[in-house]
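Okay, so subunit A shows up in both of these, paired with subunit B first and subunit C after.
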Partner chain A sequence: MTRMSITGKDGALQPHPSPPMNDTETFWGLLKKFRVPIMMVSPAAIFTVIMILFPILYSAYLSLVKWTPGSEDAPFVGLANYIRMFQDPTFWLALGITLKLFLVCLFFETIIGIYLGILLSREVPGQKIFQALILLPSIIASVAIGMMWILIYDPTLGVANYFLKSFGLKQLVWLADPDMVLAAIAIIDIWEWSPFMALIITGGMRALPTDPFEAAVIDGASRWQIFKYVTLPLLRPVIMVAILLRSVDLIRFFDTIYIMTKGGPNDASTTLNVYSYLQGFSYMDMSYGSAIMLFLLALVMLFSLIISALRRKAVS
Partner chain B sequence: MRKKDYILTYLQYFILILLFIGPVLWMILSSLKSNLDITAYPPILFFQPTFNNYTELFKIYPFAKYIINSFIIAGGSTLLGLILGVPAAYAIARYRLHSIAFFTLISRMAPGVLFLIPWYLIASKLEITGNNFLDYIMLILTHAVITLPLIIWLMISYFEEIPIDLEESALIDGCGRWRIFFQIALPLSLPGIAVSVILSFIFSWNYFLFALTLANNSTMPLTVIAFNFIGEGATNWGGLMAAATIISLPALLLTLFAQRLLIKGLTAGAVKG
Partner chain C sequence: MNHCKKWTAWIICLAVTVGAFAFAGCGQSNQPAQTKKDVTINLLAQNHPWTNAIQPFIPDFEKQTGIKVNMQILTEQQTRDKSLMTLQAKSPDIDVWMSLKSFEGLAYYKAGFYEPLDKYLNDPKLTPKEYNVADFMKGPFTGEKIDNKLVGIPIIVEGPVVFYRKDVFQQYNISVPKNMDELLEAAKTIQEKSNGEIYGMATRGLPQAIPYTFGAFLHNMGLEWMDASGKPNFDKPEAIKAIDMYATLTSKYGPPGVVNNTFYQSSALFAQGKAAMEYESSNELSTITNPQNSRVVGKIGVFSLPPGPGGNHPTVLQWGVSISAFSKNKEAAWEFIRWATSPEMQRKLAEKGIASPRSSVWDNAEFKKTLEEPVKQEWAAALRIVMDNGNPEVGPPVTKQAEARKMIGTAIDKVILGTATAQEAASEIQQKLLEVLK
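Presenting the complex of A and B:
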């Protein structure tokens, strides 16, 4: 007896055991054939369309009209909101702040993430506990993170200034200083998310083949040489995944800033996401807020495409 | 490894723990300080601990109410995410429908305010925020936008790990698809469901942007009331730190008691998602 094959070439489960039904050619036949998977996926798909896709389209509509809550009509204004955006100095300021934070945080998080990732891949007793402990900043609510760092940065009783003073350095006002606030926020983000980068990189380290490392040791390579010529090139794809995930969040930088400074002092920490929230919900200019948001979404997608392309290049 | 390597590794562990856990410990310590100790300069490490900050919170504010609200919203959105996400993840894993899974990732790419503006408009048009029951439903639905993609991606990786043979023979025996899903796949994927429940509960518990604009005074979760505390001007540091500690409790418990689960879940969720 020949065993009936119900898995296809790629191992996917076929909708029905062979012999195949002959009504699969028509649309209704296909629908019947895939009845169960369609039923399984539909609720989640419908939810996503209603809760996510529809709101995005509605925001796109809002960005093309002039409307504020309470007004009766919403006249079509074409691209006026977008033109206003490109003429708005605060928009350019916010774009610059977004990119500055993006670059600084991503740079340090990647370097610290690689260092931590390699440290974590050493099999020593207690490694798992250590890994879970340093992940704590990534899984604590951003509101709590903001609160604890407000205390740490407090100019008069904060620990940050206490350390500066003990090292004989000038004390700072941190969040209240327009020149310092971005650095203060970046420190928190690096502290919060480097361990998360490390988690992904360690996962990638575990999956690496051991042969290249053994060969390098036999050839008498130094640790630095092994890191530079073996570990790093092999890790490049997984590092790109970590960078992609972090980038998507960093371009939308919002939580910590809105909690700690609301974009201040003097807009010095207003990222695009914070600016659009302020436009939409503080100034109630939802049309303009939507326009900035859609620009931000386009920016996120552009960055993901670039990084995905770089990743494909790294894999091949 | 040589002995020197062990010592070096643990030395780095020690310094890194101080750096990464230090601020969290400082928050917990400060929440146990009296007002006098918390404003002491230079900052002090040793003091007479007190729970006054916590009891004050519950005395002055309906703090238990906020905790219950957080549970309702995080629990409800986790449950909804499971109901919608687990069957979807199963179908995606078994029928190789990964393009559909990417569709749910829009919510991880798009800034939250983009959905929030239309949601807010609908909520105010239908006067949802005035009605507590409807407001809870609204908050649960919006938070499911956070939990659903997380659960789908986690569960896909768990379903893909389950060997397909068992399901094949059940299919030959004439078992229906739904029965296979409920009686074979689901019981085998229980560890994955446990990870999904815990992580999506925490992510939903932590999220504050949607509730910030959509919640009213009696449906407000912990994160929003804590955010309002900050806005009122930080004079009561002890109370502020006690509130922050209570918000962090789910994360702290997970780190202390379920390390392996946390690492496995976050890795699967991150690399896949």
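Presenting the complex of A and C:
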């Protein structure tokens, strides 16, 4: 967001040479001087303030008071919500689950994404059609995906167990087993989002220069060596972008879980986002929910900073 | 200067438009009540048998009164989220909504979301005599009162009953259970004799949903959720027995993955012939007797949960429709509620399987005619037991209703999953309920 507004400002500033000093001293003078840049920037700026800045500040305020929807007063409680958060075993459980899902999904999505991405970048007949088809899971609304997989995973009537049974394997209860539920959800996420990673990586592959590959072939490198020493290093910035986009989504994992298990069984699929939702909307404790949400925001920012730093390193 | 002129022009334009709207508004409110053209009320309803049953009649209402009904149908939790957000913002976007008093009633009442309805009911201009308030059964009607103020009108009564497969019972030579032990025995027999092909009992395992079905187990052991002094009752041996029974029934003689199940999954299992009994809300009758998605039509019987050592106290709950305190069309909203809950309308809905909170409906000859099928007769009889003996407390009577229910459900699920004993679950509930009460 910031980057967008700055470029807008810079671009619009140039045609205006600086006017005499006395005009810029008053507020109205300034307003007049930067009229065009302000007009250019204001839609984005107003949007940011209303839709992003205000909600964050309001959550920060909520997390410092005790407010339940419906009550008129909201007494200031200081950091009590945060202290409660760090003493809450369910919070730590949810943090662990969030990180676990994040790591597992990201790992598999990256590997499958790179594999599919490279495959998709080959010019073969029907490649365009296939590329469109594998994107389907990422296009379908997550809620619909959740509903669909509830049916697939149904222990008695679902198709997943039907397959296990026809192969003579042990049938599973999938979403109802606390030890199994995270794996079941991870499978859905990997199925849903690997094609998206693949698409970004295909784009990156297409943009790569051909010379290094030709040079490698001339030098007699094997396919594996080309992949390891040429393709991967060249792709690294693109992979980092794909990872960054997925990480942000994965840390705030919510929709499919909300639809499928509501965080159960036995809190085994309660991610931080689900827990915050439960606190805020089901238990009507908006303040505690806000505190958890802000923690989640900090976590997302931390991860995106780390990954951005890694990306910059990869580019240079 | 030029700018100034432009601005003035804009302001004048705006003022004229606003003025025009204001005049239009005045004109509307001055018109007599009969020609309420252009009044639209927003009805927030959830995906529920009542909603499905009343929907086809709404055009009649619109034709009769000229009031347009804008219906929004969401799932139960989404309805709750939406109503909470809208009402919290004091927005007039909701005029009438379906509200479950046993769940959010206390919290919403304290927040001032409900428009008290007594004055509408007592005004002969707004409510003609034919409406016959006295006809509402006492249980559901008082259930719509909080602090002795009427905040809603009941639209449907429901309670969990046991649907069972008559053919399977006959095949394994089982008779209708007369007490809780026989119920467990019946489930066991079916599960064992069918080699697990048919589950003994399908009922709720989803934490938030458990108290509705588990409550009757507790009450039939002779316990309320709390004792007379307001202390939770989960330190009593009867509570442990109730948890143990519920967990045994669901884990040993129920479908795998029961901890995620609620009425939706249970009815699917029953309708597909995978479960011999379904202990669910009386509303599910329409789902499982619908030939389009049920394979067991014509083989279904109904009985009310059998009594335990503490008697027979099934859970009973009523759904109601309420008017938002922030509605701008309260009289039109009341007109809708009056129409939807009128004796005539309630009878029409009852014929579609909506259990009416009006006693006259149950005695109505035309309605009785629709009960000719044995399954409907048994259903009506079981529901009658629910209405006569029912305990209206679906969960412990606390403001933090959702939290308390989820917590009870989670503890019971631990027993179902085998990670805790009934004893441990009971003491966990006892301790956490005390915290919630603080």
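Note that the second predicted complex is superposed on the first by the 277 of 316 C-alpha atoms of A that agree within 3 Å, B and C clash if a C-alpha of one lies under 4 Å from a C-alpha of the other, contacts with A are read in each partner's own complex, and residues count from 1 in each chain.
Please note the rule applied: contacts are C-beta pairs under 8 Å (C-beta built on N, C-alpha and C of every residue); 3 or more make two chains touch, one makes a residue touch a chain.
Since this is a predicted model, take the numbers as computed values, not measurements.
Asker: Which term applies to subunit B and subunit C once both are placed on subunit A by superposition, clash or fit?
Answerer: clash
Asker: Check whether A:34 is in contact with subunit B, with subunit C, with both or with neither, and answer first, second, both or neither.
Answerer: Touch status of A:34: first partner only.
Asker: Can A:174 be said to touch subunit B (first), subunit C (second), both, or neither?
Answerer: The answer is second: A:174 touches subunit C but not subunit B.
Asker: Taking the superposition on A as described, I'd like to know which of subunit B and subunit C A:69 touches: first, second, both or neither.
Answerer: Both partners, subunit B and subunit C.
Asker: Which partner, subunit B or subunit C, is in contact with more residues of subunit A?
Answerer: Of subunit B and subunit C, more residues of subunit A lie in contact with B.
Asker: Once the shared chain is lined up, is A:283 touching subunit B (first), subunit C (second), both, or neither of them?
Answerer: second
Asker: Can A:98 be said to touch subunit B (first), subunit C (second), both, or neither?
Answerer: Neither partner.
Asker: Contacts for A:140 in the overlay, against subunit B (first) and subunit C (second): which applies, first, second, both or neither?
Answerer: First partner only.
Asker: Give one of first, second, both or neither to describe whether A:155 is in contact with subunit B, with subunit C, with both, or with none.
Answerer: second
Asker: According to the stated criteria, A:271 is in contact with first (subunit B), second (subunit C), both, or neither; which is it?
Answerer: In the superposed model, A:271 contacts neither subunit B nor subunit C.
Asker: Considering only the contact definition stated at the top, list the common interface residues of subunit A for subunit B and subunit C.
Answerer: After superposing on chain A, subunit A residues 69, 154, 156-157, 281 contact both subunit B and subunit C.
Asker: What part of subunit A is in contact with subunit B in the complex they form?
Answerer: Result: residues 4, 6-7, 10-13, 15, 17, 34, 36-37, 39-41, 43-45, 47-48, 51-56, 58-59, 62, 69, 116, 119, 122, 124, 126, 128-144, 146-152, 154, 156-159, 162, 191, 195-196, 199-200, 203, 238, 241-242, 245, 248, 252, 254-255, 259-260, 273, 276-277, 280-281, 286, 289-290, 293-294, 296-297, 300-301, 304 of subunit A touch subunit B.
Asker: Using the touch definition up top, name the residues of subunit C that touch subunit A in the complex.
Answerer: The touching residues are 77, 81, 84, 88, 107-108, 110-113, 199, 205-208, 255-261, 265, 268-269, 272, 274, 400, 402-403, 406, 410, 413-414, 417, 419.
Asker: What does subunit A use to touch subunit C in their complex?
Answerer: Against subunit C, the touching part of subunit A is residues 68-71, 154-157, 171, 173-178, 261-262, 264-267, 278, 281-284.
Asker: Quick one: in the complex, what on subunit B touches subunit A?
Answerer: 1, 5-6, 9-10, 12-13, 16-17, 19-21, 23-24, 26-27, 30, 38-43, 83-85, 87-88, 90-92, 94-97, 100, 103-104, 106-121, 124, 141-142, 144-145, 148, 152, 164, 167-168, 171-172, 177-178, 181, 202, 205-206, 208-209, 213, 223, 226-227, 229-230, 234, 237, 240-241, 243-245, 247-248, 251-252, 254-255, 259-260, 262-263, 266-267, 270-271, 273
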